[in-house]
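A, B, C, D and E label the chains in the order they appear, each numbered from 1.
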Amino acid sequence: MADLAFWMIVLLTIGGAAVVVLNKNLVYSAIALLFTFFGMAGLYVFLWADFLAGVQVMIYVGGILVLIIFGVMLTNRITSVNISHSSVQRGIGAVVVLGILSILVIMIYNTPWLQVEAVEPVQTVGKIGYLLMMDYLLPFEVASLLLLAALMGAAMLSRKSN
Amino acid sequence: MTGNMFIDYSLLILFLPVAAFTIQIFIGKRLPRQGDWVSIGAVIITLVLAIAMFASMLLGNDPNFSQEASFTWLDMGVFKIELGFLVDNITIVMLLVVALISTMTHIFSVKYMEGDIRYSRYFAYLGLFTFSMNGIVLANNLISMYMFWELVGVSSYLLIGHWFEKDSASDAAKKAFLTNRVGDIGFFIGIMLIFSSLGTFVFSEIFDGIAAGKLGGTVLTFAGVGLFLGAMAKSSQFPLHIWLPDAMEGPTPVSALMHAATMVAAGVYLVVRLFPLFTPDALLVMAYVGGFTALFAATIAITQNDIKKVLAYSTVSQLGYMILSVGTGAYIAGFFHLVTHAMFKACLFYGSGSVIHSMHHALHKKHDTETDPQDMRNMGGFKNKMPITYWAMLICTLAISGVPLFSGFLSKDAILAGTLSFASHNPGHFLLPVFGFGAAAITAFYMFRLMIMTFHGKPKMPEIYDDIHESPKEMTFPLVLLSTLSVFIFYTLPYFNPFSDHGWFKELVVAKDSVVPGSETAHYIAEGIHHAHYPAMALSLIVASVGIFLSWTMYFKKKISADDWAEKLKPMYNLSFNKYFFDENYNKYLYQPLLKLSSLVAYIDWDLYDKYVINGFGRVTKLLSFFTGRMDYEGLDQTIIDGIGRTTRRAGGVLKYLQTGRLQSYLLFALLGIILLVLVQSF
Amino acid sequence: MNNLQSLSYYWPEIILTVTILVAIIADLFYSDKDSGKTALWVLGGLILAQIAIYIQDSEIVTTLFMGNLAFDPFASFFKTLIVLATILVIFISQKSSELDGHRTGEYYSLMAIMVFGMFLMASAIDLIMLYLAIEIVSIVSFILAGYLKGDLRSNEAALKYVIYGAFSTGIMLFGMSIIFGLAGSTKFFAIQEAMWNLEGSAQFAFTLAAIFILAGFGYKISAVPFHFWTPDVYEGAPTPITAYLSVAPKAVGFAVIIRFFNTVFGDSGAFIDPSIYTFTTIAWPQLLAVLSVITMTLGNLVALQQNSIKRMLAYSSIAHAGYMLMAIPTLSSQGVYAIMLYLVMYLFMNLGAFFVVIYVKSQGGGESFDDFKGLGWKMPIVGIVMTVFMLSLTGIPPTAGFIGKFYIFASVIKVGPQMYWLAVVGAINSVISLYYYFRVVKVMFLEGEPSETIIVPSPTVLMILFALAIPTVFFGIYWAPIADWVSRSLTLFIKVI
Amino acid sequence: MDNLNTYLFIAAILFSLGMFGVITRRNAIAVLMGIELILNSANLNFLAFAKFGGMNMSGHIFALFVIIMAAAEAAVALAIIINIYNNFKSINVDEVRELRQ
Amino acid sequence: MEINILSWIIWIPLLGMAAIAFVPRGKTQLIKIITAVATGVQFLATLGLWSQFDLSNGGFQFMERATWIPSFNITYILGVDGLSLPMVVLTGLLFFLSTFVSWNINRAVKGYFSLFLLLNIGIMGVFLSLDFFLFYVFWEVMLLPMFFLIGMWGGPQREYAAIKFFLYTLVGSVLMLIAILGLYFTCGRTFDMLVLMEVAPTALNGVMWWGIDAIKVIWVLLFIGFAIKVPVFPFHTWLPLVHVEAPTAISVILAGILLKLGVYGMLRINYSMLPGAVWWFAGALAVLGLINVIWGAMCALAQKDLKKMVAYSSVNHMGYLLIGMSAVIAAGAANGNNVLAAQAGLGGAVFLMFNHGTISAMLFILVGVIYERAHHRNIDGFGGIAAQMPIYSGIMALAFFAGLGLPGFSGFISEAMCFIGAFPVFKAIVIASTLGILLNAAYFLRAYQRIFMGSLNEKYKDLPEINRMELFTVIPLAVITLFLGIYPKPFLDLISSTMNVIIDKVANIGSIAGVF
């Protein structure tokens, strides 16, 4: 059962991703991306990352994807039903990407990854919170500055004229 | 001043003319009479000094008299050059000749060059010429000899090109200089060969070194031939004789100076000076070159109509004699001929100058600029108008033809005796006397042809005949003096035998033994000459008579038509008349190809090498940059990339999709780069 | 050191943070016209930060914030460099006509944030920290490149930059994840330790990860083949930003490369045993050497083609990255030393060249070669100063650029004959670069005619020009202070306990 | 199913798909989507390594920061894209070609 | 007595530059006078140096040392020996004279004379510096003023010429830089030439790079750097172009001094520091010399532009010089310790350096004189000028004869010494190159005939005679040429101690198998 669910999620993720990059209609792509993000969240759950699964759904689906759909809408007239976006250099692109993929696959197969047995934690939030306040306090603080910069920049750029 | 009379005098003799030269060049024009008196004064002093030296030589009566003096010219430790003087009897005699002829030339020129626009410069160059020649005469080492050797070349260049407005003159000057440079190369190689073996330039040390066996064999032969090449060019030996006839473009007094005492004498003087170091092989080369030149030049002289050209070829021929005699070992005879020849040839040139001068004035009066004043076919019958010139020239013609009682007979006889003796010792070389005697006959023939055409017969141009006058005494004085000196007696004193060269010259100027091991001694050669003396004399008398007689009958009596013979021997006549087409062939096969080659080289250098190879680096870089730029910025051509994906495309869309410069190409490239890096790293 | 202790070594960054906030707040009170005054706040903050750096610049070498940052003279060196570059660029920006009519408050605030990001980049020794720092710098760069909202070229630059930047950091991130998988840690030293014990079969993964990470770093220093964004972005961005991007992020990019490669692949920056690099079978030196050759050659060749001086300078900055990369394969302290020295020299000459371009444009000229025609006659001082910069960029003594190149070549040649080819290629590239640099000089002086009126720049412009030109010449003649500074700074934090 | 390589393969495929999107799509927003895929694939790696590396929480932290960063980046990128759209009336990457000589 | 005369000699022009900087643009006369004063004072200083020079000492004199960049062992070292002193004096003289040659410059005078003085600093610096780094810096400093002086005040193709010159020489100098660094790291990390001269000859023994002796690699790299300046055959094509385009004064400097820098560099560095490789390369040097001689002469013979012809004649003359330089190996044991030949060859080469400096300077000044008047230099475009300008044509004849190596002029002695020196070692090459004697004369006389002889070209019947200022610039050179041609001893005394030091170095190092 878990297997089936897992593979379904995998299919959802990868299939969604494939649609994202292959579909001609931008709106469809955006919606396919939604499925991918959800799939990712599912996979996170399988990876015992409950907190991150939540974050994934909240930020990616709730934030980024909405942002993207807004983008799609703002940059195309709503009335045009078929917001097509063609692709370029698909042939050579496919070749190159397949090259990358095969290299990655070879790499994954041949590498003796560091593997340590572990038990599933009840929840990860506490651990993450601790780390953020201790070991990764600085990045945590710095991230605020990053967001500040992004905020300023986005605001500045979208402001009407000067 | 060194305190040694000979050296001091030599120094003065050397430097007075150059002092005059300097004065003339800088302030000559502003002096009264354009400063000709400065130059003349200087050479007269040198003449006096030379006479003084000559007198003390006669008084000293020492055949082995020799004085040397030198100073350090440059010194780098081991490499050291000392320049200096060598004054011995040969030097003194030669100095006297140079001073005498130079003085005569200066005096002669006063009238001859009167009114010339570069009068002072002319005298300046004469001074330089004299200086250079004296330098050669006095040198005791190869380096200073080479230096003055080249200076002689320059002086001749300047004087031949005196009337540089004429293209022929400037051409001739250039030709003279360049031809001499060819010889200089040989000379220089000779010097290098000697120096690299012996480490010295000084004659005496060289002789010692060779005698000690430090240098010999083929190398020495080559060195000798090299040195002789220099002499060949200067003394205008075949095949480097081409410059000399052209050099007649210079003023006639210059020709006299050049042909008698300075330029051409230098070559002979060199081989005389260095005789001891020539190997028999080198000498043989000399003998053949000289002999052939003697005959060859004589055959050209026969057909020339320009009075100066005839004399020029006669000089070439006479120089051939001298070289021939050095080659046969009788080098003192050669030197003797050099001295006697200087007198009568200078005189002949002055004579011709006098005639030309007179012709020129006469033509000028008639406003005739077409007629060539030097062409003998326009002359004739001048004997009465110009008696002094005529008689002086006649004496000299007799001298050059080898008629007894005159100096030429003595020296020529000595040479021919030497040749005969050489041939009798080496019967294989029978050609040498043939050259000698043949040339002697022809010489007599063409010299009389010249005399008869110029002075006898009817005037060819009666319209100017009346205006022909004897030249002023500044010009006739040298004629008289030099023709006098062409009488035997001045060379045989204190003896009076016109048939023997026995005299002060023979006693004081003696041959040295060759230092090359295995060479014949001077005594042996002298013996041979002595034995050959009478047969040679007889033979030479006969050939001279034949020549004179033929000439007499042909041109004076006109018993034999010269034109008929010319017609009959048309090919030979043409060859002779055109100087065997030497100039043409040199021009065609040497000079023009050289120019073409140089153009080619320049073309290769500039239009090919620089343009394509050197700039090619730049161009390749630019091209690379162009392609890199395209590749880099625009990515692989979109057609190729797209072609892989989609082979068909609607025509309308093509343009749109062919747009390049898109970001994704870059990304693609970056990815490709990554793949490449991975692949490179992994394998 | 724990977080609290670390604060006392963190003054420069704290000052900067405060500065950023003050600047943003101050900007709120400025009218559009006066918005540029924010620069004063930022300048003040930078100077204070620099003072803090100077005071702290001691022998102490430690890590801060639980092993996130290194505190060492090496980082201080780059921080100083960044502050210097930023101050200069702020001055330069004042003179730029491109920014006229834009509210510039945010411009300076963003610049301050970028400085902050670069500070972190220079000292990060944790992958997370590093990633964040790089992202801060990148995001601010995107915004600054697109700062001229109404200007199409600026827009385009921003778009290209953002896509390329995100793409590169994406790849880098993927590489980092592989490293994480191999080492189980994000700390450099832990990674290094893990790498030492790596199994042979894991090397391929390691190589791949390293190359992916290199893509991110290479993009920052615009090394081939990750340089494609450079010309477009440099040309489209406001010129002061172009100047800034060509100097400051590039410098820290090198700092990161040096720190990361020396720490993770080497003996953690001790430079004792260069052979350590070869603990894997990967031929890093050769690879980097080849990359440097391609980078400089490509930069130079394409620069030859340009008709815009700004674009030419963009490509030339690629070439300069190539020169500096030459020294990395030497795996020696000399190499690092040379790069650091080069960066100092490069700072002055490159900013100078860009400033001249900015100034000429503000005087009604343009950025193309044609616009520079006869400039030397019209504005002799500007022409002469530009000549100095061009000379220096070419690397002709007695200018700073020569000294930089000299040290680079020296470090390469010191390695031995196996590296001579690299030096020769570098040398030939210098010659090629002469051609386009001197094309500027050529059009300035050799073309055009003497003009009657001579334009003398205003005192402030002159001041900036000389502030850039005098060091360019002076350090070419006497660079001992720089050399000493660099050698003092050549201490990296080596090992965590 | 539940082993490391599975996740890694999934991540690799996502990565490749993301790459493909970035390389081939003409619409800038679609390119952005591709980038998001790449970031997600990295995150998947981090979390997978975290789990199979003995519940190493650093991976989680890393993933967290990546998500934060992705949001910030997306915001800025979209701001730029919209700005471009306002100026060019097109957001096809290959039509934004002012900067060509 | 610390007066640091060498530093003064180098930096006096800097004072001049500073003074010029404060003169308003309009006061051109004042600028020229300042330049004349600066170069004049410098020239006097060089003469003073000469008068104080100890002839018997083959080593360096008037040494100055100051620390510069201790961390890289870069020091400010100056010194002068018998090799550099003549060149220093020549530099002083030619710059002084060239100031007057430049008197009629009226375009951007301030810039011209500032750059002119900067060039002076660079050249003097190269001759006097004994620290390799300093040497290189000065070497490069010359490039920029040359670029501008050619590019801004040159002929129609000046831009092309300027950039070509710059590129060409830069190629050489970057290779040189690599070689310098190679030496630095292999010879104990020092740029001090004195130390390098001690250490380098042996330090590189047995060091192999890619299977080649390191010493050869460095030697060749340095050689190429210097050969471009000389210029040696395949690197010579910049010379005619640059000469044709450069203003007269710059041609004078270029031919008179700049070309000698290459030779100076070879003798100072290649010969003194890496004498072992001299053995290896001497044959090639002689062959290159031969090619230079013949190729240069042939090209000169075909030229239509007088200045280009003179330029090619420089190529030709530098060939003699190279041949002379190759003679140095005669002193080695393998060649029978023929110190005589080595002294002749090397002495001749250095002497020729100086002589070509004076003679070619003279030639270029004179070409400039006619160009100034006729506004072209086409050899075939004149004719019969001698009648119109007797003084000028006389001096030109003098210069031409000096150029073609006529005895009585200094050029002859040096060329002869080169030949004589190299002859024992490279017989065939020397014999072949004596052909140059003929070709030399051919092209000079051909040009002289076309320009000065024949009937006067009607176009030029109002050509003014050479003026006093021009005469003033030529006559000192002519006098030197003549004086040394007649009595070369003073000059050779000046150099011989130093030459012997170099010869000893090469001779004692023993032989490495030659390339030929």
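We take it that a contact is a pair of C-beta atoms (placed from the backbone, for glycine too) under 8 Å apart; a residue touches a chain by one contact, two chains touch by 3 or more.
Computed from a prediction, not measured in an experiment: that's the story for all the values here.
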{"item": "Third chains touching both chain E and chain B", "value": "C"}
{"item": "Chains touching both chain C and chain E, listed by label", "value": "B"}
{"item": "From chain D, the most remote chain by mean C-alpha position", "value": "B"}
{"item": "Dominant chain pairing [most C-beta pairs in contact]", "value": "A-D"}
{"item": "Central chain (by mean CA position)", "value": "E"}
{"item": "From chain A, the most remote chain by mean C-alpha position", "value": "B"}
{"item": "Approximate Å spacing (C-alpha centroids) for the pair chain B, chain D", "value": "94"}
{"item": "Between chain C and chain D, centroid-to-centroid distance (C-alpha), Å", "value": "26"}
{"item": "Chain A and chain C, separation of their C-alpha mean positions in angstrom", "value": "31"}
{"item": "Averaged-CA centre spacing for the pair chain C and chain B, given as whole angstrom", "value": "76"}
{"item": "Per-residue overlap in chain B, given as positions that touch at least 2 other chains", "value": "618, 633, 662-664, 667-668, 671-672, 674, 678"}
{"item": "Junction residues of chain E, two or more chains touched", "value": "167"}
{"item": "Where chain D touches two or more other chains, by residue", "value": "8, 15, 18-19, 22-25, 31-32, 43, 48-49, 53-54, 56, 58, 61, 65, 69, 72-73, 76, 80-81, 83, 93-94, 97, 99"}
{"item": "Every chain pair meeting the contact rule", "value": "A-B, A-C, A-D, B-C, B-D, B-E, C-D, C-E"}
{"item": "Residues of chain C that touch chain D when the two form their complex", "value": "127-128, 131-132, 135, 139, 142-143, 146, 149-150, 152-153, 155-160, 162-163, 166-167, 170-171, 173-174, 176-178, 180-181, 184-186, 231-232, 235-236, 306-308, 311"}
{"item": "Residue ranges of chain B touching chain C (in the complex, touch as defined)", "value": "618, 621-622, 624-626, 628-629, 632-633, 663, 666-667, 669-670, 672-674, 677-678, 680-682"}
{"item": "In the complex, chain C residues that touch chain B", "value": "159-160, 163-164, 167-168, 171, 204, 207-208, 211-212, 214-215, 224-226, 228-229, 231, 282-283, 287, 297-298, 300-305, 432, 435"}
{"item": "Chain D to chain C touching residues, read off their complex", "value": "8, 11, 15, 18, 22, 28, 31-32, 35, 38-39, 41-43, 45-46, 48-49, 53-54, 56, 58-59, 61-62, 65-66, 69, 72-73, 76-77, 80-81, 83-84, 87-88, 93, 96-99, 101"}
{"item": "Touch list for chain A against partner chain C, complex", "value": "103-104, 106-108, 110-114, 116, 134-139, 142-143, 145-146, 148-150, 152-153, 156-157, 159, 161-162"}
